[in-house]
Structure formats: C-alpha cells, structure tokens
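So that you can tell them apart, the chains are marked A, B, C and D in the order they are listed, and the count of residues begins at 1 in each.
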Amino acid sequence: MSTLIKNGRIITAEQDYAADIYIEKETITTIGTKLNIQADKVIDASGKYVIPGGIDVHTHMDMPFGGTKSSDDFETGTRAGAFGGTTCIVDFSIQSKGMSLREGVETWWKKGEKATTDYSLHLIVTDLSKGQIDEMSDIVREGVTSFKLFMAYPNVLMVDDGTIFKVMQKAAKIGALVMMHAENGYAIDELVKQAVAAGNTAPVYHALTRPPAAEGEATNRAIALAEMAGSPIYIVHLTCNDALTKVEAAKDRGLPAFAETCIQYLTLDIEALRRPGFEGAKFVFSPPLREAWHQEKLWNGLRKNVLSVVSTDHCPFNFKGQKDLGKESFAKIPNGGPAIENRLQLLFHHGVNSGRMSANRWVELCSTNPAKMFGMYPRKGAIAIGSDADIVLWDPNAEHTISASTHHMRVDYSMFEGWKVKGNAVTVLSRGQVIVDNYTWLGKAGYGKFVKRDAYTGAWK
Amino acid sequence: MSTLIKNGRIITAEQDYAADIYIEKETITTIGTKLNIQADKVIDASGKYVIPGGIDVHTHMDMPFGGTKSSDDFETGTRAGAFGGTTCIVDFSIQSKGMSLREGVETWWKKGEKATTDYSLHLIVTDLSKGQIDEMSDIVREGVTSFKLFMAYPNVLMVDDGTIFKVMQKAAKIGALVMMHAENGYAIDELVKQAVAAGNTAPVYHALTRPPAAEGEATNRAIALAEMAGSPIYIVHLTCNDALTKVEAAKDRGLPAFAETCIQYLTLDIEALRRPGFEGAKFVFSPPLREAWHQEKLWNGLRKNVLSVVSTDHCPFNFKGQKDLGKESFAKIPNGGPAIENRLQLLFHHGVNSGRMSANRWVELCSTNPAKMFGMYPRKGAIAIGSDADIVLWDPNAEHTISASTHHMRVDYSMFEGWKVKGNAVTVLSRGQVIVDNYTWLGKAGYGKFVKRDAYTGAWK
Amino acid sequence: MSTLIKNGRIITAEQDYAADIYIEKETITTIGTKLNIQADKVIDASGKYVIPGGIDVHTHMDMPFGGTKSSDDFETGTRAGAFGGTTCIVDFSIQSKGMSLREGVETWWKKGEKATTDYSLHLIVTDLSKGQIDEMSDIVREGVTSFKLFMAYPNVLMVDDGTIFKVMQKAAKIGALVMMHAENGYAIDELVKQAVAAGNTAPVYHALTRPPAAEGEATNRAIALAEMAGSPIYIVHLTCNDALTKVEAAKDRGLPAFAETCIQYLTLDIEALRRPGFEGAKFVFSPPLREAWHQEKLWNGLRKNVLSVVSTDHCPFNFKGQKDLGKESFAKIPNGGPAIENRLQLLFHHGVNSGRMSANRWVELCSTNPAKMFGMYPRKGAIAIGSDADIVLWDPNAEHTISASTHHMRVDYSMFEGWKVKGNAVTVLSRGQVIVDNYTWLGKAGYGKFVKRDAYTGAWK
Amino acid sequence: MSTLIKNGRIITAEQDYAADIYIEKETITTIGTKLNIQADKVIDASGKYVIPGGIDVHTHMDMPFGGTKSSDDFETGTRAGAFGGTTCIVDFSIQSKGMSLREGVETWWKKGEKATTDYSLHLIVTDLSKGQIDEMSDIVREGVTSFKLFMAYPNVLMVDDGTIFKVMQKAAKIGALVMMHAENGYAIDELVKQAVAAGNTAPVYHALTRPPAAEGEATNRAIALAEMAGSPIYIVHLTCNDALTKVEAAKDRGLPAFAETCIQYLTLDIEALRRPGFEGAKFVFSPPLREAWHQEKLWNGLRKNVLSVVSTDHCPFNFKGQKDLGKESFAKIPNGGPAIENRLQLLFHHGVNSGRMSANRWVELCSTNPAKMFGMYPRKGAIAIGSDADIVLWDPNAEHTISASTHHMRVDYSMFEGWKVKGNAVTVLSRGQVIVDNYTWLGKAGYGKFVKRDAYTGAWK
C-alpha cells in the first residue's frame, strides 16, 4: 500500500514549501517535486496546507469522576479529535489508591483498545504508601514516561509535598517528566466550604473559590520542588498571569520548567460562568476560566515560548444527566469540558488568522512541541522522511461554524456554540491510512495503537 | 524624677540635629536648645548620637527546644540587649499542642516577669483543633497582636496550608499581623533523612539540606495565602535572594508583604558551618547561613526597603552541654545562635561605617520600623514628645572587640568572636531610668514591663 | 520676637505626635508639652496638623518663553505658594546662549528680590562653547548646587550628549546634582513637523507628538550618561510608565538615580487636551499629559520610592493673551501650567484621603525629600530644633473648591477648576513670621531670602 | 547535472532524521530513503550531519577604513567562509557622504563579482542631505532590503536621531529592516579623548573607553526610535548584558526588536586586550570585548531567543602592516577582526558539544534565522524541496586546531590561535556545486551570485 499526496504546501514548525509526499505503508519515505512514483492512492492537496497531525497531550477519555464518567471514550474521543486534525492523544491513566502503578496503566490500556488513532498514556500517581516508587522504572520502560501529580483535591487526588518531592527525585533518575496540576488544594477547599456555607452555590463560585493566586502559588511550589529534586517539570493547563510569571522566572534562571495552556483559556473567560440559569456549568473545570485580561498574557506566553504546548484537557460531561449533578451546588458539578475537536481550528483562527502567530508556530504548538516534549519525535509531530504518516490536509479558507449539532464529540453541548472559524481539517491520515476523507469518516475503532514513548532527555530544546 | 540629656546629636529615622532632651519620669516632654530647666539628673551627651533604643522583634528567651532550653532568660537576655543598645524585645510565646492560646501567652508572661527592659510577645500557633481560632480576638485585646506560624518542622511546629489560611483570614479581620517561618518542611525533612542515611552528619549538612529554594518556595506560598486571605504578611528571618525576590514582587503588586532579615545573615555565610571540628555547630540555626553572594542581595534589600527590619532571632545554646547534643548528627543540634547584644554594633559598623546606609536608616531598621510594624509607635522607636524615654547614647567612634569573654549574653561562645567594630552604646535609658551608665550595669530584673501593642493597621506605611 | 504654636499634632516625614513648638525669631528652639514659656505671640493649632512648610523645587517665575513670559513673578508666585502651604521654592535660572553661567544666576537673583518666602535657584546650562564648564565650581560655591539640562527643544535649549556628559563629569567632581528634562527632541521635532504639515494643529497634537517612548528613551539615556560619568541624576517632571521603569531599573542596580513627578500628572490625563474649543491649550506643557493608566503607575512609583519628590513645574500663562498665541497651531502655545497653590491640597486629597499614602509620606514628598535632595535639610523640610520656622498649620477637614476666581496665582484659569478637596493650609509661617493667618495674607514682597544650598552628597539616603 | 547525497543525518532548525537528498542542477528536488534515482554525482554522507549552509549576515569584505582596507575581499572571504561551512554572506555596502544610495550599492556589487559563494548586501546610510530618503524604495526593489545606521563614530558614520527616525519611518513603509550599530558616540569620543590626553594609549583602553553602558543606552534608544517610527529594529553585534536586557524588555512588550551577537563575544573577553606587547590590538573592534561574565548572559540570550542570530562582523586587518597603525594609540588601530571561517566551529564546540544548545538550535542561529530575518528563506537556510542546494556535510567528530597557519582567511593572525574544536565542515555545496570536497577547495571566484532579498514582513516569527 502506497499513497502520494500531491501539490500541497507543506508547513512544519520550521518550514513552508511546496512538495509532494510519498508514503509507503505507514511511513513517509520520499518528499519531492515531480515525484515520478506510482502510488496505490493519490491525494490532491492543491490549496491545502499539509501538516503533521495534531497531538493532544492532555485528554481524559472514559474517566471516572464523582460517580459518573467522561462521556467520550477512546473511540468517540479520538474520532472527534481526527475530525479536528488531531491524530494522536496522550491520555491520563490513574493509579487507584492502594494499588500498584501498573494496575492504573493496564486499566487504561484496556480502555485504549478502542482508539481510532494512536494514543499514549501518562500516569497519575496518587499513593506511594506501598513502595510504588520503585515501580516507576518499569512503567517508564513500558513507554509511559510521564507522571502527573495533583496539588489540588485534598483527600482525593492531592499528594503532599513530600510525595511530590520523592516522585521528582525518582523521575530525574529514570528520565521521566513530572506533570503538575498546580492549584493550592487546602486554600481552595476552605474557600469552597465558606462559599457553600454562605449559600453561594451558583456555577460562577467555582471560579471565585479558585483564585489565580492559588494557581500561581502551586506553580511556583512545583517548580521549586523540581529545582531541589533536580528534575524537569511540566505545568499542565496553565490559565493565568500569576502562574505564567512563575514559569517565565524559572526559564530565565535556566531551569527545565515547561507549561501548556489549553485552547479554552485562550478564548473564553469567567463571564461564561455567569451565563443565566445553569448555563455556566458548561464551563466548570479546573483551574477555572479567568478574567478576560489573562488571555492576552497567555497569548504573549505562547509568543515568547514560556508556554510550549496548547492542549485541551478534553474531559466532556453531558449538560443533561451529568453537569446537572451540581444543580444545587457548583461543588458537585463534574469538572471538565469538551474541546479536542476544536483545538486546531480555534488556535488557527484566533492565532494565525488574527496575526498573533505564524502557521509554523501553530504547527509547533499543536504537534511538534508535544511530540518532542513527550518523547515521540520525529516519529510523530513531523513531516519528514521516516516519520509516521500522521498527516492533515488543512484548508486555510474553509469556513466552519462550531456547534454541538454537528460536532463529533459525544457530548450534548459545545463551549463554542455558534462560533465561526476559518480554517479546518479536510482530510486526515493516520499512519498512512485515510481516516477522514473530505470531512467524511473512514476510520475504525481499534486501528489506533499504543505509542511507547522515549524517556525525557531535554535534548530537543 | 527628671532627667536632662544635654549636648547630644539626635538621630531619628528622619532627623539629625543638635538639641537637649528633657525627661519627666518615664517620658520625653521637652526637646530644645538652651533648655532652662532644672533636672534631677543631667547627662552629658557631647560627641554622642542620641537615638531611640533598639527594638528586637525576634527573640527566644528561655525557650524549650528538644529537651533543653535557650540559655538566656528574660533577665540575662534583656540585660545583654541593653548593653548593645536594645531596650525592648518582642519574644515568642508558644501555644502547646492541644492547649488554649492563652495558656501559651500566660506561660511567657510568667517568664517575662524577670525582664530588665520592656518586652512584648508574639504568639506561635501550633494547633487549631479545639476551636482556638475564636480565641485570637481575646489575645489581640491583650496586646499580643501578631501570630507566628511555621511551614517547617513537620510533626513539631508545622501547620498545614489550611490552618495557615484560616489564621490569616481571622488576622485580617481583627487587625493582627501573621508572621511566617517560611521553609518547605517536607522537602527539607526528606533531604535531612537522605543526608543522615548517607552518613552526611557534619554541621554543614544542616545548611545543605535546607536549600534556598525551600525558603523561596515557602515565602512565595505564605504571600499567596495572605493575598487570598486578604491579610498582611511578615516573613521572619529572610536569608536569601530566592525569598527576597518573592517579597519584592509582592510589594511591586502593592500587597502588604513585609520581611525582616537578621544581623547574622548580613555578615556570616555557609563557610562558618564548615569550620574544622564541631565548630560549625555554633552557626546552626534555621534557615541556615547561605553562600556569601546572598549577603549583598540582602544589603540591597535593605536599601530598597524590601526588607523593613533587622532583628536577631536571638536563641542561644551553649556550645558545651547544648550544641554538642548534635555531635553525632547535625539533625540533633539545637537550632539557634546568640546575637541580641551585637545587632546595633554590627549593622552600624557594616552598614553605616561602610557607606551602605545612613545613620537615619540604621535607626529606622533597628528601632523605628520595628515599633511601627508591631504597634508600638510612637511610644517606642521615637525621640519625640510623649514617647517613652528609651534612649541610647551611641558613641560612633567607640572601638570594641566582640568576644564571649566580655559579652553579657549567657552563652559560652560568640558567633563574631574577635571581630572589631566601631560604634557602641555607652549609656542606655529605659523609660527614663539609666540602666547602662558608661558601659556599667545599673538596671534590675523585673523593671521591664509587658507592652500591650496596638492592632496592625498598615497606617504607618 | 517669639512665637508659641500650641496644641497641634506635629506630623513630619517620620513622626506623628502632639506637642507645642516654641520659636525664637526665625528658628524652632523648643518642642514640648506644657511648655512653661512666655511668647510674644501664641497660635492655637488645635485640630490642625503642624507640618514643615512645603518646598516646590520646580518652578518658573517670571520666565521668558517664546516672546512672552510666565505670568507669575517671584512675588505673586511665592504668595500663591504660601496660600497653598508652600514656603520655599527652587526656581530655574537660565544661562543665555553665549553668556557666562553667572549672568544667568544674577538675572534670577534680581527677579527673586521680590519673593515673599525663601527661594533658591537651579541653573539651566545651554552652552559650554566658551569654557563655561570651569565656572560651575563658582556657581556651586554660591549655593546653586544643581544644574539642569535639556534633551528636548533642538536649537533652543537642547544640548548634545557630549555636553551633557561633560557637565555630569564636572558635577560629580564638585558635588552638584544634574537635573534632566528628558524627552528625545529630534524625534519629537520631526513628529511635530509632520503633524503641522498634515494640518493636525489642535492642542491634543501637542501630546500626540510627544509620545511616552520619547520620554522613556531620554530618561534611560540620561541615566546611562550619568552612570558613565559617575554622577547622580535627577529626572524632572516624570510623567509615564516608560520613564518610571527606567528609573526603577537604575535604582535596582544601586545607581544614584532620582525622579520627581508633578501633581498634574497624578491627577489629569490626555483627555483634558481634547476638551472642546481651545480649552485643551490650558493643559499644554511638556512632557504632556498621558493616557489615564499612567497615573496609577506614578502613584505606585511614589509608594515604592522610585519617585522621591512631587513638584509642580509651575509655569503659568494666561489663557487670554498668552495661550492663544497658539490658536492656529499647538506648536505655538506657550508651554506651562499653574499649580503651585494646589500641590499640597491635591496630594493630600488624592493621596492621603484616598488611602494611597500616609500623612507622613505626604510631608516627605512635599517638603522633607525636596529639602534633603537639594541640600537644604534640616534648615528646611523639618520640624526640629534649629530648623527654620517654616511651618504650616494644616486643617485636614477644611473643605475647599479650587477655582481661578479664588486662587492667588496670577493667571486667568485653573487646571483644576471646580474640583473639591478636603484639607488645606490655614496659617503659614515663614522663618517665624506669620504670612498667612487663617487664610489671610500678612506677608510682604522682599521678605523671602535666597537660600544657599549645600553640595549634593547623597548622605541622606 | 544531478547530485545525490546519501546516508546523511539531516539536521535543520527543527528536524533530525536520516534520508538522502537529490539535487537537480542548483536545487533540492527530492528527499527520501532508498531513493531509486540515477545521479551524475553521488556523495556519501555517512556519519555526517547534513545541514543547510551557514549564512553570515555581518561581514565587511574589501572595506575601506582609516586609509587602509579590510584584508579579505569577496573572493578570499567567501572562500574562507566556505571552508568553515558558510555558503552565503550579507556584506555591508556604504553610501559615501554626499552621494546617492545607489552609488554605494553599485560599488559593492562591483566588489562582489569575485565572490565564490552567493552573497547579498545591506546598505549603510550616512547622509540624507540631498533627498536620498526617497531613493530607499528603489534600493529595496533591487533586493537590498536592510539599512544600517551608526550611533557611534561622530563626524564619520554617525547620524543624528532625526536622521535615524526618518529612515525608520521610511523603512516601515517599504518593508525594510533597520540595523543599528548601537553605541553612544558622543560619550565614547569624550572618553577616548580623555584617555589619550592622559597617556592611556594601550589597546585595552579601546575597551575601557567604550563601556557597556554606552551600548546599553544606544540599544535602548534605537528600540525607542523604532517604536515611535513603527518599524522593526535589528541590533547588530550585541555584546553585553546592558544591551541584552533592553532587547528583552522590548520583546516582552511585543515590539519587533531583534538582535545578533557575534561568535567572538561568546568566547573571548576583555583580558585578550591586555595581552602583553601590542598583542591586544588583534582584538580591537567595536563594540569591544567585555568582562567575562557577560558571556554567560549572551549564551542565555541565545537560549531564550532574545538573540536570534550569531554572525561574525568579519573585518580582518593584518597584525603587521595594518593593526600596527595604532602602535602609538589604540585610537588609530583599525577596528575589526577575522572570524568568518570559525563561526560554525566555535558555536558547535562551545554551544552544542558543551550542552548549551541542541544541534537544531545551532543550525537555526547560523543559517535558518539569518535567512528568515533577511528575506532569503526558504531559498537559503533550509534543507527542503525547492531550496538552493547550499549544503554542508558536517562531521561532528572531526577534531581541528584553529590557527593562522592553516586558516583560509587572508590575514596574518587568528583570534583563536591554537584553540581545539570538535566538529567541522568536510564537504560543502553551493547551489548544487561541490566547492569544498573533503577539506579541499574546488570552488572558483565569480561563481557566487548576488541574492535579491525579499522585503521584511515579520511573517516568519
């Protein structure tokens, strides 16, 4: 099986040139002009950008949360991702308290069997009480080379600074990357308790009880602990200036501190949580949406490379039947929102079309940096000889209106309902296979494979 | 009883002029030239600076620590302070775990009965499990208007962020100032454990297991918690650039964040802990001495008013019989060092004589700011009509060699043994009473009174 | 002649206490409670703040400008100042091109003979072509210890960087302070030319052709030249964040860089220049009023002591007959505005009453710092034994409406017309003499004397 | 004519993968594995990095200076460059005072006819007195899209701020990039005059009379003028922290401010100028070498992308016969040093080998960013389909000792004499032609062509 993509404009993190791409089986083997090669399948990319498929390194498919679970599984979630130009995800497996680390990974491997595109896993560590720290090396050898910890959610996912410090020391030794959910859980829990006691239960109190200072504090603490442990640190879903300045200060000092933001923090703000009725619940996730002025700071962080990655924290819950568990109190609303399908569209529209960044930078943030940061480059994240043919034909002029009535995520609302964007994924290949053809689904569940990732080396910087 | 101080050069935080001071009983009632007043006692201050008595807001007299207690009590400690030009201290009372707040204060009032000069108290809060938070208002009404918390020493003095946050919220309501020992206890404890396990037990490992990043982290966390709680915050014994930059950033944003450093951090460095034999133990206290380059940053912090106060954290333990409890491991060395007698001398010599600051600023850092910050101004910290006649005649040209063989602190070593300084307290008055007369002790135990302090208002800024 | 001020609340840069002040002839000789002294005159200060008289270090009385001259002379200007609580000014004498430095000073001594309060002089240097640099030492010996240079107004007042550098080197040697009007004259002149050519001649174009970047640039350049020359530098009338950050960065590095702002930059913004008709001309001065957001930055600069002084750049021109010289083009509007009478009122109202600063800081900015910076302390700027009895009784509760119809400046409009303020000078003494008594003028022309100032030493810091 | 480069490891600014490259005539047309193509010439790149040829955007070939001229012409200079892996230069043409801009360009086109590799030109503007500003558009249309101005060398090359401002405004309109030699000429000239007058004539006084503050000042001024003019700005040969912080602050504010440093500032320091005898003269160029601590700041600037380009300012003068014109005074030493041949070697050795940067970043700084910044990408600076086949086979393990006895620059000394480096260019292609084959010269004078560059658009960011 061979495929030829002709007449496209290839855009990578660095480059922008016209050429054809020849794919043998799953792999790019030749790039050139006037390629005199016979192919089983020829795709005309005239007028399209040809980019490496998007990589979303922050998703929660099929995730249990407060008695329910996120509404997308690996099949529906990766399918929706593909429609939006994302051909690889890294999802979070979770260690159950008291259990081994491997048990967490294996549970998610099982879930991942339905994936329609390639996927990999991080592991959330919640408990080291039974010597699980020694298991970390095995997990890394399996290709799960990143561990996530929580500074929020006391008594649920939160671990204390001693646990964090030990995981970081170990990670530094074995080439793993520590990812941090950075919010001060104790202060937030106290504020939540006080708000509920005062009868302040509407969705917006979710944001008001999780102030930027709580995120800035925890971000700084995560970086300091990593500095003492001699490990790299990756802050997930950074939302606000307070946290951004901490990452920037660390970089200024030469520390291997990195951060991602998510597409919703760049485009939405706290006012969404104030929408009438219970509408605000659609925007309840953590950290919360911030006052609008933080957006420009985040865009600036992307420009200056303080933020290296844009992800989604995709974690959908239906408005009816799930979000409404929190009708009486914001504290019971399942935390999460749907975004995997809209990441490339929104970043292209609000980033590239608006002049905030080049198309190169857009590719870098959505695909190349995620691959490099998480040990998948140049297998993923590149249009280069030898790379997996995870390729997206992107029409920079396609106009599209985002809506729950047309999106492919298995959730009954969109955070961006009715928003118009210009630029969309037309045709998508996963390891050489066309899975979306001119906006039509050709993929299938189980095609996606688990990606064993390399250890973190820092060499890509 | 009236006293006239003639021919002096009065130096306050702002002023510098020649005049006579007339004291009726305990209080300054007249300042002028050619005062035509009869006085019971006339003191000639020719050639001397006449300054408000020093105030040391960070001392630990008669303090229990790991089975022993600090070697100075309120009598010997305040007497030594007076010889060095300090006429008022604010010591730390400690809530015993499980007990009421008042019990802590009362225990220290008892200890304070022996004081030779006036004293006040802060209260260290260690436990809120029995509703002690409601007691805070009563404590403030008693004139104990500042509460100290520890982020270090897990299982001993450390409280979690939830406790800190609640104390701060309460303090904000009742006009109290929260003081913080800012070091990340969990990370330090892990490093200590690892060092001891590796056989690294010499005194210098005390410093190496408490890195600047641990202090910087906790300082930032304390400030962030205070920001969320809406309370002022005062960082005690700040030692390093990492913490300094955090206080500065907070001030830049307009937050009521303050910090003191101690005289030893300005003048000593980590090399002291590496002295041969067990000598390093003399310099074991927390946070530890830092690499020498931090000193210049601290002096700069004083210049820019990021640091508002110079104190001592005076907490002496004898080298023989106390410090040697840690002969086998630095982790068992009683933490603390003697300094109350040398604060004004050293800051004058290394600050004023070396051109780093004016004599006005020296007075401000040693007396006026401490009084203003802790609710005692203008009763203390001022040469002004109506102020307590706590007055020091300072000879800027007096040469003095610091030594354990001549100092008045009840401890068998000096951290500054053999150091020569220029500038010393000659004659000292406490509430109008001459207690040091031309280097000779005239004071007596029990003369000192407890100072009820005003609530924190921030108005002095 | 002796005077007793009784029952007042004395507020200095540092202090706040109740006491009586006894004045013999021109000098404060005693401060105390229950002073048992006979005085020729007794003033009851009950309910009043008793503060050192304001010092305005930036005024232009009787100053030639574009064929006209500023409408206040030393008599009317100092009288208006006194009504507003200012008892000393430092005005700018100007070297005429081609003439000696002394000629400039002597011309202004002549003008100053009419002063109703004490005054001193700076000297604006415009030309070194005839060896005037060697004259600088003589000028300093006369008590004119500060020299001002212009980076703006090419071909009029502007001197090139070589001239600036030479003056700075000389000043460093002889203990003089260099003051800088910091705006990039070349860029501004080009913008003005382009605006006029494009028919953009309304008053607001005065501001639009003098962007903040022009001030920020010149401020940085002045500091860098001073750094190379080893001299202190004082930036006059700083208006914007761009310049403020430069002074702050210099201070952070320990350079002796200082700056003042003026009361109008703290309270007015560029919108004033857009008022209908020719009204905007009332607010034409240089640097111009800025966008409103700069104000909060300036207040912050006062809080952090990046700005050490608040002055006025008082330079009034009548709206009718003077400002209207620029009816056809903003480029011909005489630059300057009236403010000397309103400085203390406005800074008290918008600073102290609004909670931005303490009354101590207000005194420091308006009186003590100006005196210390310019070599007049403690003769001026202090309530202390031996100081000149330049004293203001300030009623913090007096309500006042600012208006040209009631003010004492000789100019036909007020920049603050109709503004209500709380806090005003009731009674004013100049060297022991009551010149304003309960809002009534008792002073007289010629009473004021020239103040010989000390060399700049930096010792007050 | 076709060429096949087989078995190499292709390293670009982004990528790192194994593939073969097929070149038809001058252009890369195919990249792939197992290319089944016949080629006239096959080059085995086993064990080599295959990188886009280096681009040096700051050279002075055949340049008149103080009665002599730089010792390399376009033939010898480009040849030496090729030996060091540089296949394209952008040299500086100079407008003679009083002449047209075109005259400058044409003079250099003439000089360029001898080039052995492709070259382009910037234009140094020295005089606008005869309306030359209007000529700028024509010059840009010729492909000379960058104009350089001097803030140093009064009466020689320096132009005043008004001229700078006008050129910037024009450049902004026509898509040209303004490059700045940023040093304060007036202050430096005064310092030089004083040094010479004091008999301080040794080479090191060249550095001591050009302090970092002079460069920091001018850098800030250039950025501010560009901000006011709305134009991008590119600071050439940035050497010190003072200037670096200014560029960083500008970038933080989102301004299109860019800077290069040169390889000598990263590797040499002021001590070189203190070498015994007249040796220091070998290191006399402007701005001068700085104290060693600046180096780490510059490396940090490269890491953070504050510095986008590493160039050489290659401007050789023989030690004997040229440099010795300044034997009696540093002020007469021809300014400049030889470096074109050693740029890639030294940055690879001290950057990549030492772990300071990745090989990708090295390619980016030496080739890709220069091409993008100066309108030559992807024609130059890329290994991509359609790009000029300017390709270097780099042996990362080749060991080499730099020496004047073996280098190819036409100059009698090396600034890096005896330095050992690892990593060197083995074989070099210029537009498909092998000009260096296994360290042997195959090129010829006149092969190089002038490169018409695109207008500056900023789109590459």
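Here is the rule we use: a residue touches a chain if its C-beta (ideal position, glycine included) is under 8 Å from a C-beta of that chain, and two chains touch if they have at least 3 such contacts.
As the structure is a computational prediction, the values presented were derived from the model and not from experiment.
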*Would you say A-D or A-B is joined by more C-beta pairs in contact?*
A-D
*Could you tell me which chain lies farthest from chain C when each chain's centre is the average position of its Cα atoms?*
A
*In angstrom, rounded to a whole number, how far apart do the mean CA points of chain B and chain D lie?*
57
*List the centre-to-centre spacing of chain A and chain B in whole Å, with centres computed as mean CA coordinates.*
50
*Between chain A and chain D, what is the separation of their C-alpha centroids in Å?*
40
*Using the touch rule from the top of the page, what residues of chain D touch 2 or more other chains?*
none
*asked:* So which chains actually touch one another? I want all the pairs, not just one.
replied: A-B, A-D, B-C, C-D
*In their complex, what parts of chain D are in touch with chain A?*
10, 12-19, 22, 29-35, 251-252, 254, 300, 303-305, 357-358, 360-361, 364, 368, 378, 382, 384-387, 459-461
*Over in the complex, which chain D residues touch chain C? Could you list them?*
154, 160-162, 165-166, 184-187, 189-191, 211, 213-214, 216-217, 220-221, 224-225, 227-228, 245, 249
